[in-house]
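There are two complexes below, and they share chain A, which is joined by chain B in the first and by chain C in the second.
Right after this comes the complex of A and B.
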């Protein structure tokens, strides 16, 4: 088991390396001169200013030098200096990343907590009214745009009912997390519900389930202990992949609810052409995605004993 | 290119007030705001002292003869003194101060400042916060007249290269450091120090050479060449007085922990969430005018809460989480008014949102087509349709609140019949829906920059009834200069905020033609003689120290722009601030979008 986990992490190293090269090349791949792009909205578009900025960013050095410097900044977690704020990108991201993590973890949990029960109900009561209702709900969740859902939630729960705050308030409890997490989770929950349903239906027809029933186990035990465990394997994979789209969705949710977060920071950085900050946020998002997938791989080992015992 | 012929030796740059383009979606005007941004002949000289600045200057008439001489000869530098203003309002204001004192104001800002180092930023949101924390040497009122702030008196030497300032006594920074001549020298020297990394201030300070300390409260600033804009520049938030102690701070900390002399002390900045400031109890140098009271600020503190998304800002005020919101969408205004919120409107200065016309490309190379667009464009329809009538239809090259605005509405008004007869008079004939000439349809290539194509669609719909077709292109901002310089456009949309008519230099002077320039009319190709004439007038406008003469010069400039229909204005932009009934005393400053929070009070 430990070997399996260690191996997963070792596999991640070349991936992270590749990510760092991709992120680094962003600056090189931008059409035109990134420095003039950065400066085009400023008054300092003179040749001298462009050259000074190039020197400051070290863009006149050989590419391997630049990449070496970039890697060093990654390892030291400083990640360069933001052009807008003059602060270290690492410290800017550290300020807000916990908030994105809070949001995505809450949304992931909700995705599971809403999606799996819906899917189970639909599968167990196949072709019933409950099945239709939960699948309609799932479809609605998948098809609603996040920003629209967010605004509707704000309208109902903040303005009309006054139950939940629109934006995060000073010293507030977890109340401010409810609407952002729900609007982020519903889409994923819909996908998870549909997948759980089809996966569980498939498993319920397998022979070992028939055997379990024949042994006289209660329907609940058959579903939860025997069938669901196998049915969840593809679901867990999807939830892992969903983490990436949650990070993407966080961009929108953070904007709609004026939340701190790495998504909003990335969008702002792109608009302000703050390349070190763009690189930093993309890098952190990519790392988070890789780590989420390692966690999914590890969770397989718990769900599917074949992986644990199948160690070569 | 863009070699400056005259003064700074730098690129020709007019101060352009850039509104932030922080958000991605669903916002109408912010999207195209940042279009402009920069460039050229620092010339924001505005109505100072001379004729129209009222009480303060009048009280000064008996002052030294040298002051008067400076006024007549240099114009830009004027004499003023504060003592009258402060004492007069000081006695009146005292009783109401106690009544109004206290409370905390939360403002929903349309975004987050990049830094609170005003010498580094170009962001209007930074300046909005800056006025709470900092004071400037000079301050402008809403009519653009200049008044003393941290400098009680200033004068320009006859040759316009030396400016003397007398500084207010008894002022100290939030960290306790006294404000004196050394502080002024520190700040102005820091502006031009490359280590500061200034982008805009370094251009707007012009040909700055050095500051000499005469004594504790007197400094002499020397410029390398005459630059009448200097005094006006000193009234902008680009040049606040920072505590010299910041020299010991790390560069990034200066913008994170600002220390000024303003009515509020910096307290806290939570990234992506809010900035909080608290009352500076020792503050008793608030200049009046333009402020309505003296002594410390009324409010205990202010929170600038960052809510970039417009619908969320509106929801936040309705849920009572903020007391006021900046940049309210026009479409929400009348509903919020109906719910009891109050509106304060700030009017933009500079050039309105409108289209720059390519005079050297079919079909806008035909003066009749340009005229037909300017007369046939139904601005009322656009204003009502897109902005719920909250932002006024625009007609002229400068907005009405801009210094030297020349009223063109005798010439430019909605006149569809006039538009059609202009086209027909020039040999265009209508075939089907659109006019044609020599077998070619009158079809405009209209460029919109950013992500929001709605203004373009509105234009398309408003000009179609005249018989003019549009090919609408919505492209990223980064292509703006390329489109303008290469001349792919018939019309391209822009908005250029500025405190002074010298913004016209940026958009219409042949010096600013080039890959980095902002002059996209291609008049030098279609009518070189007129371009030359325009260049001369624009140069005169920049150099002329006499404000009344400048008005005449810029009237001629605007007349040419209107006669040639080189710019099709669309709307006069407004900063719409909604606030709840508890808030009172809210006013916008001379530039139209920065609030004067010092005078604001809140009832419990």
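Right after this comes the complex of A and C.
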């Protein structure tokens, strides 16, 4: 197991390197001179001023020197300096990252809590009206644009009913998290519901489940204690992989609900052409995704004892 | 792919009839069999109908729209009524006409960005799977790296380089989706190239190019079609998301995502501006996904998920 964990982390290293190279080259790929763009946002752009800024940022050095410096700033978690705020990108991201994490973790939980029961109902009552209704719901959930769902929730629950606040208020109240998390989670919940249904249907036909039934166990015990355990293994995979699209979706949800977070920061950075901040946010999101995937892989070994990672 | 009829399809038939069915199924062409399976898939048929209507609207939209989508049709923010059935936006433009015009944009975005992802991804996947070794390692590393960028974020990063516009949003979504194709095709090619007839063609002297295009590619086409159909919905959603964030279609383009964003500040007083374009997106994606599900079941009965 330990060997597997170490190997899994080692395999992630080249990917993380690749990510750092891609994010680094973003700045090189921008058409026109990024420095002129940066300066035009703030002050007049005389040729001398541009050159001075280029020297200051080290943009006149060879590419590999620049990449080396970039890598160093990544490893030291400083990630350069934001053009807008003049603060270290690393510390700006550290300020808002917990907000995004809170949102994605809440959404992941909801994905599971909505998706699995829906899928179980559909599978247990296969071919019934409940089955059809659950699957229509799941398909609609998958097809809804997150940003639209968020606005519709705001319209119904904040504007019309007045039950939930649109944005976070000062009190550390979980209420403000409900609508953002729900709008982020419904798409994934649809996928999870469909997967739970088909996975459970498959397991319900296996011999050990038939045996459990034949023993006279109640349908409820058969499903929850016997069938669901195995049926949920592929579901956990998907929930884990969903974490990535949730991170992406957080960009939109944060925009809709005017939440602070890494996504909102990225969009704002793009609009303001604050390239160090764009690089930093994209890099951190990608790293978080890679690490989440590793954790999912490792968690299998605990969920499914049949998987033995040491030997391959 | 094995097109022999699946036993689970013939429910409660006697052995003799089953044989007859199997015998008949063998003479049926794979294409006709797929169509037959697809026609029995209710969701897919409903989806196809909706997609058909959408394509029709995309073509004749400008002729049936009651108003010019950029012209003032009535008062500002007037609610749905007899002359403007989906109401008007803050500039007094008719939402219904704009939703109709938006069909063309969303369908184009869906197809074009999928086509971009497909061409790049299939090419890379073919090369990686067919040549193996260094080519495989290089492509696989690249694909894994691209897959590390979560969801819409890669598209956002690309748009930040190319600049915000509908065309660039399509390119960004296309580039963002090629890793999925590359990975899929690579895997399929790895097994397809082991077929004896590929070896036979090689011995006869077929060039690598010919082997790839004529002998290996047809084997991987079914899963690629399935993935493409399912990806159209994702592409439409992602591009609409970009436009919603102001990184895609620019005003006054009647793009559905941008329209939802237009209504955002007037949600309290004019729910219709946001609601109708959103429903249009949802219906389109739902329809395309249903067709994709149906195709998956029809082309690959064993791969049901």
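Everything that follows uses one rule, which is that the second predicted complex is superposed on the first by the 292 of 312 C-alpha atoms of A that agree within 3 Å, B and C clash if a C-alpha of one lies under 4 Å from a C-alpha of the other, contacts with A are read in each partner's own complex, and residues count from 1 in each chain.
The definition used in the following text is that a residue touches a chain if its C-beta (ideal position, glycine included) is under 8 Å from a C-beta of that chain, and two chains touch if they have at least 3 such contacts.
Note that the structure is predicted; figures quoted are calculated from it, not measured.
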Combined model on chain A where chain B meets chain C, clash or fit: clash
Partner chain in contact with A:95 - chain B first, chain C second, else both or neither: first
Partner chain in contact with A:52 - chain B first, chain C second, else both or neither: first
First, second, both or neither for A:239, with chain B first and chain C second: neither
Which superposed partner A:154 touches (first chain B, second chain C, both, neither): both
First, second, both or neither for A:248, with chain B first and chain C second: second
Touching partner for A:145 - first (chain B), second (chain C), both, neither: second
Which of chain B and chain C A:265 touches, first, second, both or neither: first
Partner chain(s) touched by A:162 [first = chain B, second = chain C, both, neither]: first
Chain B versus chain C as contact partner of A:195, first or second or both or neither: second
Single chain C stretch clashing with chain B - from 26-34, 116-124, 152-160 or 260-268: 260-268
Overlapping contact positions on chain A, where the chain C interface meets the chain B interface: 147, 151, 154-155, 159, 255-256, 267, 271
Chain C residues within the chain A interface of the complex: 43, 141-142, 144-146, 148-153, 156-157, 159-163, 233, 237, 240-241, 244-247, 257, 260-261, 263-264, 267-268, 271, 274-275, 277-278, 281-283, 285-286, 289-290, 304-305
Residues on chain B engaged by chain A in the complex (per definition of touch): 10-11, 13, 16, 18, 21-25, 34, 37-39, 111-112, 114-115, 117, 120, 122, 194, 197, 199-200, 202-204, 251-252, 255-256, 270-273, 305-309, 311-312, 315-316, 318-319, 321, 477-478, 481, 516
Chain B partner contacts - residues on chain A that touch it in the complex: 32, 37, 39-46, 52, 81, 84-88, 92, 95-96, 147, 151, 154-155, 158-159, 162, 165-169, 255-261, 264-265, 267-268, 271-272
Chain A to chain C touching residues, read off their complex: 14-16, 18-19, 21-23, 26, 29-31, 139-140, 142-149, 151-152, 154-155, 159, 194-195, 198, 243-249, 251-252, 255-256, 263, 266-267, 270-271, 278, 282, 285-286, 288-290
